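Read from first to last, the chains carry the letters A, B, C, D and E; within each, the first residue is number 1.
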Amino acid sequence: MNSKITNRIALSVIIVCAAAMAAILISMLGYILVRGVSSISWHFLTTSASPFLAGGGIKDQLWNSFYVLIITMILTVPIGVCGGIYLAEYAKPGRLTSFIRTCVEVLASLPSIVVGMFGMLVFVNYFGFKYSVFSGALALTVFNLPVIVRVTEDGFNALSLHQKEGGLALGLTHWHTIKTILLPAAFPSILTGVILSAGRVFGESAALLFTAGLSTPDLDFGNWNPSAPNSPLNLFRSAETLSVHIWSVNTGGIMPDVQTIANGSAAVLVIFVLLFNLCARMLGKVINQKFSGK
Amino acid sequence: MEKNIVSFTNNTVTKELPIQINVENVNIFYGDNHAVKDVNLPIHEKSITALIGPSGCGKSTFLRTVNRMNDLIPSARCEGTISYKDVNILNPKLDVVQLRKEIGMVFQQPNPFPKSISENIQLPLRFAGVRNKKTLKDATEDCLKQVGLWDEVKDRLDRSATSLSGGQQQRLCIARALALKPDVILLDEPTSALDPVSSSKIEELLLELKNSYTIIIVTHNMQQAARIADYTAFFYQGELIEFGQTRTLFTNPEKQSTSDYISGRFG
Amino acid sequence: MEKNIVSFTNNTVTKELPIQINVENVNIFYGDNHAVKDVNLPIHEKSITALIGPSGCGKSTFLRTVNRMNDLIPSARCEGTISYKDVNILNPKLDVVQLRKEIGMVFQQPNPFPKSISENIQLPLRFAGVRNKKTLKDATEDCLKQVGLWDEVKDRLDRSATSLSGGQQQRLCIARALALKPDVILLDEPTSALDPVSSSKIEELLLELKNSYTIIIVTHNMQQAARIADYTAFFYQGELIEFGQTRTLFTNPEKQSTSDYISGRFG
Amino acid sequence: MKIGKVVTDAAPASRNRSKLINEKGFFSRLTDRTSESRGKLLIYGSALLMIVAVTAITLFLTIQGLRSFVVDRLNFWTFITGTEWFPDRAKNPSFGAFPFIFGSMAVTFLAALIATPIAIGTALFMAEIAKKWGAKIMQPVIEILVGIPSVVYGLIGLSIVVPFMRQHFGGTGFNLITGAIVVGIMILPTVASIAADSIRAVPDSLRQASYAIGATKWQTIWRVVIPAAGSSLLTAIILGMSRAFGEALAVQMVIGNVGKIPSSILDPSATLTTIITLSMGHTTTGSLLNDALWSLGLILLLISYVFIVIIRFIGKKGEKR
Amino acid sequence: GNGSGSSDSSSSSKDSSSSSEALSGKITIGGSTALQPLAAQVAKEFMEKNPDVQIEVQGGGSGTGLSEAQAGNFDIGMSDVFAESKSNIDAKALKDYQVAVVGMTAAVNPKAGVKNLTKKQLQDVFTGKVKNWKDVGGKDLKITLVNRPDGSGTRATFDQFALDNKTPAEGITQDSTNTVKKIISETPGAVGYMALSYFTANDTSVTKLSIDGVEASDENVGSGKFPVWAYEHMYTKGEPSKLVKAFLDFMMSDDVQTKDVPAQGYLSVKDMKVQRDADGKQTDK
């Protein structure tokens, strides 16, 4: 009898915890969206920010966020996937592997501000990339690399050994087995991980504060020559991203509609994170189905 | 067993066949675990050799050493000589990739690649450098016909191999192993994950394949060994207890433990 | 099999024992998959009943229903009556926690808790509310003695149970099941992951335990069934094909498929 | 010794070797081998790059962070134990970083204290009680929350938690516990999802064993599942703590940023990260305050290493069992 | 190895010898976040007039502005304070352009019930000598201080000219004037300080404090009666290039000084009847 009552109580407590979590999460999401969605309009999304007048938008910031994200992904995905493959397939248990693993963990759990400071020191000043898209992307690479490494390693480890044996037993080289059999099979889970990590990159601010800068030149969206200083594609121009914008507007914005802009930007950010998640799920499902042939 | 229903009709070893692979003093270790102890064994060309023995006796370990699949296990270590075509398979300098093209392997769990049926057959060929579309297509048809799968799948070669049933998958894996025209095929309990009907199809297939290939099969089903193998090797606790023509080994075992095992006193 | 070495000396069912569990019209489904079909079966007190049959025929599914372990699988659904002590085990309102104390279970893979040996035995007692140190200690010794493990581990009761060998772990799991003094013990292929020596130790143990407990055992080893079971039930594709005293079933099966199976024609 | 060669030489003519195999000449094998080595190059290079990254970060931050002691001759000991932070005081400025170290620790532990029960409870719910629900609803929601930028958490803290604290506990609402609550909520999803993973990793055979000896669900969770998941649960909590420790902007928005050791959790406080973001832009490169901030960054780095060492230690212990 | 290949600010403008010729090239401006919006606005107007000119306006803070100007990374470094007041900056190497003036005063929560304090009272409040508003003629309400961080230009100015360099007591510190204002308006008894531009005309959420009976208005700052104000500076490293000079001239033009500068809540330098040097000494113009 006694153990049954304990059981009831304990399980209820767990359910209460989960309910509390759900409540916190849902009310937060709701709060951001409810407060922010009313300020989102086509105008808001397609107008540049105004230095001090009301009615500014977030066009440049939104573009910058995506641009920094894309550059970061271009830098991290190939390296991260290779690193993950190393750990999953080539690393022999030993000191070196353990050290590399520690490095991955170190990179993954560095405070973002430390990464920002490092980026400022090395990319901005030492290499002279200035406050720029490129410096920002390099700093974000530091964060994102370990995430991709882990995702890849997990993806590979989740594959059954059978497939690998199948490949090797057919006289395929190890690398070829990885390339033609294991990587495609692990692809869905890697992709899901990459898209989920995109959410974090999209929302990072502290590190970008010190590396990508707090401003954006007057972008000319008609000029796609990457070497032009006002081109949206220029890698070496400063780029305030959306989440940095939220921070800076909230900190020192003198436009009358500071609150509206901050709320709207937050809602846009959250909506994009939601979209990334949805994409991850759907793509994962579709690709999984394709691979399993159902 | 009260009845003797097993017939030895397939084990028609009338004359000794030439030796394809010769195993001499092979010892295999996993770290400190001495898994296979001092095994000497001839594998005859174009015949089926069955490896039997209780669980954990080292059958799989031994089999996987023949095409060096055990290289994948970092702790595994191997001593001795396995002669094949004048080379020692255990030579560390050996080109294992090439070796595995000549000594194919089929596993307990069917492991088709999550790709289309035809790609499963073509992948090894492509890797071996075959580019010609026609050659690839012909080879696909040829291999699938050899395992009797052609008629069942010819209309859906582009469908994913994972959509096949377990038995079909296993035959596909055998077909895949045949694509490279190996000399030897190793099979590790290829039927134990299958239903009886699929199993017997594969047994028939093996009997046919032995006309062109040397086959080594691990099985825990003694009836299966009795039905299809020309030679049988009985392993026990890492040692090769007895080896001989299947009929002799089953009807007139030399060792008490062989007799105990095949009569089901343990295992 | 040329020789008949299997003796039925252990299957000494001279008179019909009273029925402990009566299975009537039991059907079990996983979603749409009808895994066990309309089974009727009596389980006799203080005897060993073996469930045999090819892989996937529903042996485990049936066994797990007897102590409602299948409740853990959300898609599993069960119909029919399993009478035990005047209650229907399948009654949804039944106190399954109590039921499982009376009908213990041992699994194919030894699954000791990653705790010390003595805690493994004491945990079920603690769950049941036993707090007294002395009682717990005595019970530990008692149970370990019953499974013949006491002498092997008495000096290292505080060591982790995972440091034991597979066979020892399995005996520990049996000891753990005995701790609550159940009426019935269910065993699902308890020896198939073990080496021959450990297996035969467990077989001996079961023969001893049947003096005090009712035992149902799933096995894929027909020799094992023949050696230790008083009654044997043969399942095939979810149906109970034949049930009877082991000697009768093995020497004189009524159905052709039973005869085929035990003679190794399939499976 | 190359088997391939042996074959072509020794293969008897009678052997019906298909021309498929004959097509495979010296060249294709060369490409096989280069592709293997090319792949290896790529892969070892990537692994190396991670070592380089960590080394570079450590090196650069160390050099920069030691300037205040080496160049500016601040006393290391008084720097980390001093409680007075008056870098701009006209007469004898003082650099005592202890309040920030203390603040960071306090926020981290309080946040863990707030987040752990809810997160573990949720993880248990998802992985043990309502698996379907957990996988279908909780997991996605949690993943979305992991992706919400910390600035947004700060914004919400500013507009909900701070006014709430002010109304119910007086003061300004900007204080240690507000910071801890905001960060605690921020790390909730991280801890919960890792904890859920580690609970799911407990083999089902243990649960079965437990149920089979008549355990209730709670007994199974408490006596079997949690001990078995033990070390990885701890890892989840510590990972959450390391995230809390490194958080900057969200904390800065709500903690009050007072460089004094708080006398209660309702006092405003400051952390290593907040003082860095707060002051960095106002300082000039090479100035004393700037160097001191880099030293704080170095301390931040070192403490995050400590977290990793702890995690690895726990992981190793978990493996051994 | 410099990433921004096109950032050489003056190369192209050097070639154009005649001043009537169109300007071209790139200017990087950075530093004070307070001045950033004004600079951005003026830059925008300048670029409209000179389509071949690219101006990038970055933030980073006054310290960054000075450091980077000194290092040559910014063509113009913006600062809220005199370069002389910052360590590690060689003020002599920098050329100072005072482009605007910002007035500041204390802001009090209306519930405190004070509208005016003497300088002495103000100092007592901020140094923590007085802990309740009733001691300075207000309601019985605890005083809560809200500070700006060390190194902030606003804080430096307030400390220097309102508190006469006395060190303020510890209080909540916020880097954001918006947040400071929010806290003051929401917390009974809170007091802080901010630029006059943040006090909007009919905004009663915070009380704008007079000091020694002098209202903190643009006129009083301009006439020198109200002491708490500072220049907004633009620094160049040595003499500016032609292009940068043209921009700075534009910055000081009547157009900008009478339109953009007041629009953002600054005073035009031209409206000042007094001036100050780096030591804070105030003299009539």
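What we mean here is this: a contact is a pair of C-beta atoms (placed from the backbone, for glycine too) under 8 Å apart; a residue touches a chain by one contact, two chains touch by 3 or more.
Each chain and its UniProt protein: A = Phosphate transport system permease protein PstA; B, C = Phosphate ABC transporter ATP-binding protein PstB; D = Phosphate transport system permease protein.
Just so you know, these numbers come straight off a predicted model, no measurement behind them.
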Number of hops, chain C to chain E, where each hop joins two touching chains: 2
Pick out whichever of the two, A-D or C-D, is joined by more C-beta pairs in contact. A-D
Chain B turns onto chain C (C-alpha superposition, degrees, nearest 5) by 175
When the C-alpha atoms of chain B and chain E are each averaged to a single point, how far apart are the two points in Å? 83
Which integer distance in Å separates the CA centroid of chain A from that of chain C? 52
Per the C-alpha centroid definition, the whole-Å distance linking chain D and chain E comes out as 39
Chain B and chain C: spacing of chain centres that average the CA atoms, whole Å: 34
Touching at least two other chains at once: which residues of chain E meet that condition? 33, 59-60, 175, 179
Where chain D touches two or more other chains, by residue: 32, 158, 216, 219, 253, 277, 280
Please list all residues of chain A that touch 2 or more other chains. 3-4, 173, 176, 250
Residues of chain A touching chain E in the complex: 51-52, 127-132, 134, 213-215, 217-218, 227-230, 235-238, 248, 250-254, 258
Using the touch definition up top, name the residues of chain A that touch chain C in the complex. 2-4
Which residues of chain D touch chain E once you look at their complex with the stated criterion? 86-90, 158, 163, 166, 171-174, 252-253, 256-260, 268, 270, 277-290
Residue numbers on chain E that touch chain A, as the complex places them: 1-7, 26, 28, 30, 33-34, 36-38, 40-41, 43-44, 47, 54-60, 73, 175-179, 197-198, 263-265
For chain A, which residues count as touching chain B in their complex? 92-93, 160, 162-173, 176, 180-181, 184-185, 291-294
